[in-house]
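So that you can tell them apart, the chains are marked A, B, C and D in the order they are listed, and the count of residues begins at 1 in each.
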């Protein structure tokens, strides 16, 4: 499955990119699965996603949890806890 | 004791005056005493002070209660519950 | 810290800037503006007249303001209240509370309004579209609001 | 009802007037303005950069705004949030809640800010007077604030 991944703030800086398109294996069913799969890609991802509690996600621009299904998602975002306002 | 009395809003309209100076008997010790004494003055005062629960008072520009002592007060105000804001 | 009673209208921007200009320690500014509504309990209003107790009004507003500063860590506050003749849509009252953090500013602004409503000596007289004038009754919910602050 | 994300500064008067002009049903307008503070945990700031998630930000602010309208009887609301480079004293965010009665307006404005702080995808990076940049950490007290609304 082809998926657009976007990264923000400290996560974007650590990964050195604001986004990428990836071909995701069929057994990656949830946001949590996707984080685990990304961590296995290389050291930069492993480091960026190491502290899972500090990474938040959104699926198609709606806040998501680790158990949220990717289903037919087009865009998944990862970012640290928000600090606006 | 000479005392400046001031009236506001509906009380002022009922009494037909915004204020007056009165010579108060020595046995009028509290705000409540003063209200009772004023009620005895004539029908207009009796009517204006009839519903004591709806009359508020201030002594020298500080909110007062029926039991507040007049002591050396210079100015006593009577008015309905406030409705600003 | 400033309390004012005036017949003139006030300008929200100018009042806020007077408190925040040249400062970088304020993180949160909450303002409350009260407006004359065109209808009161199904009665259409033509105008409203605000009477007050000159001298006591300013003193009481000052006391309410000082109490807010005792209860919360505030960087600045302002209270402006109009008197005289107003029309539907006109501004009546402005309260500003500025603080480093938002919760202080929100709570202090609500507190200032609750106490102003029940303690500051202002009285509203409404004149209906029919020309009939009537003094506004105090609302019990305002007394409840004050009691909730303990 | 209007939510906006912009690099430009905003004008408090203009934003309030846009909600209240020509209306006489609004009795209470509460505004919250967030400002860049010159010090953060004893660190002197030179500037702050606000990053956001275009598309999701507007959608999330819209969702928060709709939730406020579900919870309170509101006549009008507005949320304006700036992004890009800001300096100490600059305005960051504006929330307005207008209602017939003051309690609704106060509560809705506080609610909008609490939810914006914990749900809208904005991130602040502070640059110190020493030139060192650091992403701001989320505060637990903000999560507590959101939970308090149930």
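The criterion applied here is as follows: a residue touches a chain if its C-beta (ideal position, glycine included) is under 8 Å from a C-beta of that chain, and two chains touch if they have at least 3 such contacts.
Fair warning: this is a prediction, and the values are worked out from it, not measured in the lab.
Here the chain-to-chain distance from chain B to chain C, counted in touching steps, is 1. Most remote from chain C, judged by the distance between CA-atom centroids, is A.
Averaging C-alpha coordinates per chain places the centre of chain C 23 Å away from that of chain D. One simple way to say how far apart two chains are is to compare their mean CA positions; for chain A and chain C this gives 49 Å. Rounded to whole angstrom, the centroid-to-centroid distance between chain A and chain B, based on C-alpha atoms, equals 72 Å. Counting only residues that touch two or more partner chains, chain A has 85.
Residue positions of chain D touching 2 or more other chains: 34, 102, 113. Contacting chain pairs in the structure are A-D, B-C, C-D. In the complex of the two chains, the chain D residues touching chain C come out as 11-13, 16, 20, 22-39, 88-89, 100, 102-103, 105-106, 109-110, 113, 145. Only residues 6, 8-10, 12, 58, 61-63, 77, 79-85 of chain B touch chain C when the two sit together in their complex.
On the chain C side of its complex with chain B, the touching residues are 34, 50-53, 55-56, 59-60, 81, 92-93, 113, 116-125, 135-138.
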